[in-house]
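First chain written, first letter: the chains are A, B, C, D, E and F, and each begins at residue 1.
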Amino acid sequence: MARHDGRKANQLRELKIKRRFTKNAAGSVLIQTGATTVLCTASVESSVPPWLKGSGKGWITAEYNMLPGSTPTRKSRKVDGRTTEIQRLIGRSLRAVADLEALGEQMITVDCDVLDADGGTRTASITGAFIALVDALQTIVLPDPKKFPLVDSVAAVSVGLVNGAGALDLDYIEDVDAAVDMNVVMTGSGKFVEVQGAGEEATFTEEELMKLIQLGKHGVKVLTEAQAKALGKKWLW
Amino acid sequence: MARHDGRKANQLRELKIKRRFTKNAAGSVLIQTGATTVLCTASVESSVPPWLKGSGKGWITAEYNMLPGSTPTRKSRKVDGRTTEIQRLIGRSLRAVADLEALGEQMITVDCDVLDADGGTRTASITGAFIALVDALQTIVLPDPKKFPLVDSVAAVSVGLVNGAGALDLDYIEDVDAAVDMNVVMTGSGKFVEVQGAGEEATFTEEELMKLIQLGKHGVKVLTEAQAKALGKKWLW
Amino acid sequence: MARHDGRKANQLRELKIKRRFTKNAAGSVLIQTGATTVLCTASVESSVPPWLKGSGKGWITAEYNMLPGSTPTRKSRKVDGRTTEIQRLIGRSLRAVADLEALGEQMITVDCDVLDADGGTRTASITGAFIALVDALQTIVLPDPKKFPLVDSVAAVSVGLVNGAGALDLDYIEDVDAAVDMNVVMTGSGKFVEVQGAGEEATFTEEELMKLIQLGKHGVKVLTEAQAKALGKKWLW
Amino acid sequence: MARHDGRKANQLRELKIKRRFTKNAAGSVLIQTGATTVLCTASVESSVPPWLKGSGKGWITAEYNMLPGSTPTRKSRKVDGRTTEIQRLIGRSLRAVADLEALGEQMITVDCDVLDADGGTRTASITGAFIALVDALQTIVLPDPKKFPLVDSVAAVSVGLVNGAGALDLDYIEDVDAAVDMNVVMTGSGKFVEVQGAGEEATFTEEELMKLIQLGKHGVKVLTEAQAKALGKKWLW
Amino acid sequence: MARHDGRKANQLRELKIKRRFTKNAAGSVLIQTGATTVLCTASVESSVPPWLKGSGKGWITAEYNMLPGSTPTRKSRKVDGRTTEIQRLIGRSLRAVADLEALGEQMITVDCDVLDADGGTRTASITGAFIALVDALQTIVLPDPKKFPLVDSVAAVSVGLVNGAGALDLDYIEDVDAAVDMNVVMTGSGKFVEVQGAGEEATFTEEELMKLIQLGKHGVKVLTEAQAKALGKKWLW
Amino acid sequence: MARHDGRKANQLRELKIKRRFTKNAAGSVLIQTGATTVLCTASVESSVPPWLKGSGKGWITAEYNMLPGSTPTRKSRKVDGRTTEIQRLIGRSLRAVADLEALGEQMITVDCDVLDADGGTRTASITGAFIALVDALQTIVLPDPKKFPLVDSVAAVSVGLVNGAGALDLDYIEDVDAAVDMNVVMTGSGKFVEVQGAGEEATFTEEELMKLIQLGKHGVKVLTEAQAKALGKKWLW
């Protein structure tokens, strides 16, 4: 069945990645997938959360936010449950590929601020946040310069069942129509980090679940290549 | 590899379900799985959220809370990100098997208060909340008495990779040890509602993902039987 | 004048006390008086509030909360003025029989969560909290093992003027009807801890005040015996 | 035993009442008892709380607040549990002598802002609030001009056990020393509105309780005369 | 053009300054300009904000608040944007004439609580706060007793364009009518501290701007003389 | 005296204005002055604040926010007093050139989110917000299409005394050094909207005040030309 914008079932939207978009943050990446635009900035702090003090380990966390003007109807600045859920997902995804001991006792916060929202903001945030994180890590002093605090890359994509058919990288129109929505977070080496599939007041069969997982795998593979291209070859794990 | 409490890999903890535990709420279920105890109460309100007014449709939502004394170290009453994430999951799971038009313009809130926490509180909440919901629905006037607002049952279980092996219904000790933690929410008829699998600062292979999904399927099947037993046979979909 | 449930003026509702209702908290008591059910858990922390640091003295405090499902109409989780007033009363009542120096620099928080509300929740909380406190104190290391941090027992009951007559241990129906409502908190040895009597948009005479105080004295005496029975004889002061 | 400021056991501190202290509020009373100074202003609103809409009844409520500069050590502006407890007491005390139907559907809020605190701020607030309320009621249109919305006067005083002896109208030094602290709220006609007696980490006997009640009765009688003098004789009930 | 209360364009309202209005605060000034009444209290704390710890420097800050009864229609106690804006202005104004090193590591908070509001509350707050600050500084121990922590006096006044004409010290009626509203904060020695001029949904010409600045200069000069009179001559810089 | 970046005293930083930077908001402008970057989006709502309902008038308001990554040290997302002060200034500035009756009963919110901060963020916000507002107004239906809801343009610039000399459009380094900091908001036709000058723990003379006003006038004139160039000539008032 045809998608409303003419894409194939397993085709991503047009992807643009712009590193060093702003100057003050240690890492700053503007990532655009179709009409979704997210600014990911990574900031370094020399102190860690209380429970890590004296442990020799660092911490990586994330905050996610949609700017009021990012949606056709203005979005209030109030933090809601969806926001906290998403920023916890981004933080976990980044830490899954990190070596927090190699980071030493410093904290990196990656802020993902959505400037324009057209579906897939949380997965674009993860894909862009990883690049901002790499850039920030290159500006800091590490305990052991030979031990980089990342052991793999990470990227994410949404997949879903739209009108009964699997579709990769849903935009807002498809997202609203989708009976099932799944986010797949994977590493550059092909391991899974998170799989979150949910029926929207609907359910799905095991067969459909398997199909969506395969679509997600494919999407992350293409995104990983784009990350490596943006960062330069040596950042390919 | 043996589990610390002697269970088999695919064995649930001892399950107890007590209906009508308290008197004031329309539905009230005390569910215990091992040392995890959750009180699920379902309350009915005659008004719906603003966006449903005049639609003829009802709403089902959930709140989740851990009592301060439910953990060995006292838990503060402050609501955190984890709490909002869990109550959103419970609400979505209940709505996935509901026919909100058959409910008419009334709202049911299921409160899941954890009295004792030993792992698996969110999945026990879903399994117990469904029963409290059934009980509450039997106390109210429906638009069409022949059209019950539930079209299927729903239950949930946690699975995980502990010391490299799959394990069903993790208790707290296993949960801390688990490299991967997954919650599987399914209907009595064997459809998936949600699958949430996450590495704890770790990743997992596609093979491991498949194994966990199978373990979860098995667990939900046993839980569905227990729900039907507690409610009486006619509640088997 | 007859009471609606057939009780005599000076008769308590049926009382049930269940110790160790949950496993994680150091003290855990389920207390039921008629259709009012409160779970009292006592948790121990090794640090005290800032103003006691270095004093050698401990602290005992309480939190009170009604679960949303504890009332026929669902109660929102928001903390209101009534809640803070009640938890301050419970804390003061427990400290009135405590020897905070004998406790040493540790803090005990007793959480009183109302599972089912049918009047008298604050007084049932005090009566149950005392037992949970005793249980928790038996699990901890004291500065001087021969000096137990409690010097008396404490229990509480509500009394009121219903249709012009004094009545002990009001249930919800009587509470709504009562022109005057009084809470009497006393020790096992017959001393007063708190007396709080208030007209509900009404006033009362000195004679009525005296009558209510006597009814309260009687009620606490019976409750003290029930506490001693639950705890074992050696806990009778 | 002598009191530190030379007063007799049953003697109030010097009392000053200044009506119309500020111009904007409908009622405005500066009340001083010793070094305690409270500004009580009564404001009228033409709408009532939601639960009274359409009932034909009005509402009287109170807010209590200590200015940061009212204590020797600056008090933060944050609202604490003590504050909400006190403002609920003031509101109940005023409503106990009010005829809310005679008020019609309008709301009066009495704000008690403590400018200088030296003990007894909540009881001085009640005594002053009543006068501000009378003044505000004279500025408004009533449903039936012949039916004034107050049926009695109300005043309050603190009493306590200081060094084993009863004492009336405690100042801050005595309040800190007192083993038992009691607030007595009564009407001009000698009825009780509230009696709140509490041991400060101490207990009290029935005999002591009776003595404190008598001291309170005496104090309120003197305060009632002062209120009538400030308002003019016709305000004596 | 005549002003509604008969004042000349460059005439202040009647000014009353009462020092030591309350007893507990180190400095306490009741300032009245026309029907505007503000209580300014200055409290001393021995600790400074974190960023000054160990610096040897002190800090002076302010809080501003309107009591609910200060306006004809009761004002809610909620803090709004206007409040924070005003208290930042008062704090900056006081610090502009302070020598924070001469103060040593202590903090003074000046609380400006508006008891009656008839326009010009923020400027009356600054003028009164300065006097309360002087009084508080005389009660404390300074690092070098010969070096007083104030190097000049500060006072403030509002000016505005009302019906096209300049007017000094606007009351509420004029404030509502004014097309342009300006606050001028100056020192006793004739230096500017802050100039804040804003059109109320209107604009103003350079000529009008200059005229308002001259009116403000004149007003502050008269206020400075009143401050010196209240404090005694030696406080004239 | 030379400026650290080689600019003349009356020279602005390099200015870039990019309209339609994002797609969802009705107006969207990325404004850059030197290393300061602000995204201004204007959103339209069909309802107005309660106090304007039924008045036939519209409303224009603004929100200001610095993204966490906009500063070298990460800025927390908490709203502080400075933020509310700035967004009130932006809102007033836009309304000063608006004809709210010509807008009809609709509300426009301009969100100014600072992506990169190097001084002058509030003045850049005003200059950019005006352009976003013009763009948004062209997308909506007006009561009278011939009556555009703007009667003039508005722009703003900061000026200051740095090392004793006046300087236009301060960057962060100069801002920190400045003894006096002033924001000048003016219309395209040369009228003043706001003048806010403040000594940073310092004072300034009348002569210095006059000099800064002249510098500000010059700066706004250049900015007005840039706005007209971005919008097209017909937008020159």
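Everything that follows uses one rule, which is that contacts are C-beta pairs under 8 Å (C-beta built on N, C-alpha and C of every residue); 3 or more make two chains touch, one makes a residue touch a chain.
Remember, predicted model here, so these are calculated numbers, not experimental data.
Please report the smallest number of touch steps linking chain A to chain E.
The fewest touching-chain steps linking chain A to chain E number 2.
Most remote chain relative to chain F, going by C-alpha centroids?
C
Counting only Cα atoms for the centres, state how far chain C is from chain E in Å.
51
Distance from the CA centroid of chain A to that of chain B, rounded to the nearest Å?
Inter-chain centre distance comes to 28 Å.
From the C-alpha centre of chain C to that of chain F, how far is it in Å?
60
Scan chain E for residues touching two or more other chains and write them down.
Residues: none.
For chain A, which residues are in contact with chain F within the complex?
21-25, 28, 35, 37, 39, 41-43, 45, 63, 65, 67-74, 77, 109, 111, 113, 115-118
State the interface residues of chain C toward chain D in the complex, per the touch definition above.
Against chain D, chain C makes touches at 81-82, 84-85, 87-88, 92, 95-98, 100, 152, 187, 191-199, 201-206, 209, 213, 217.
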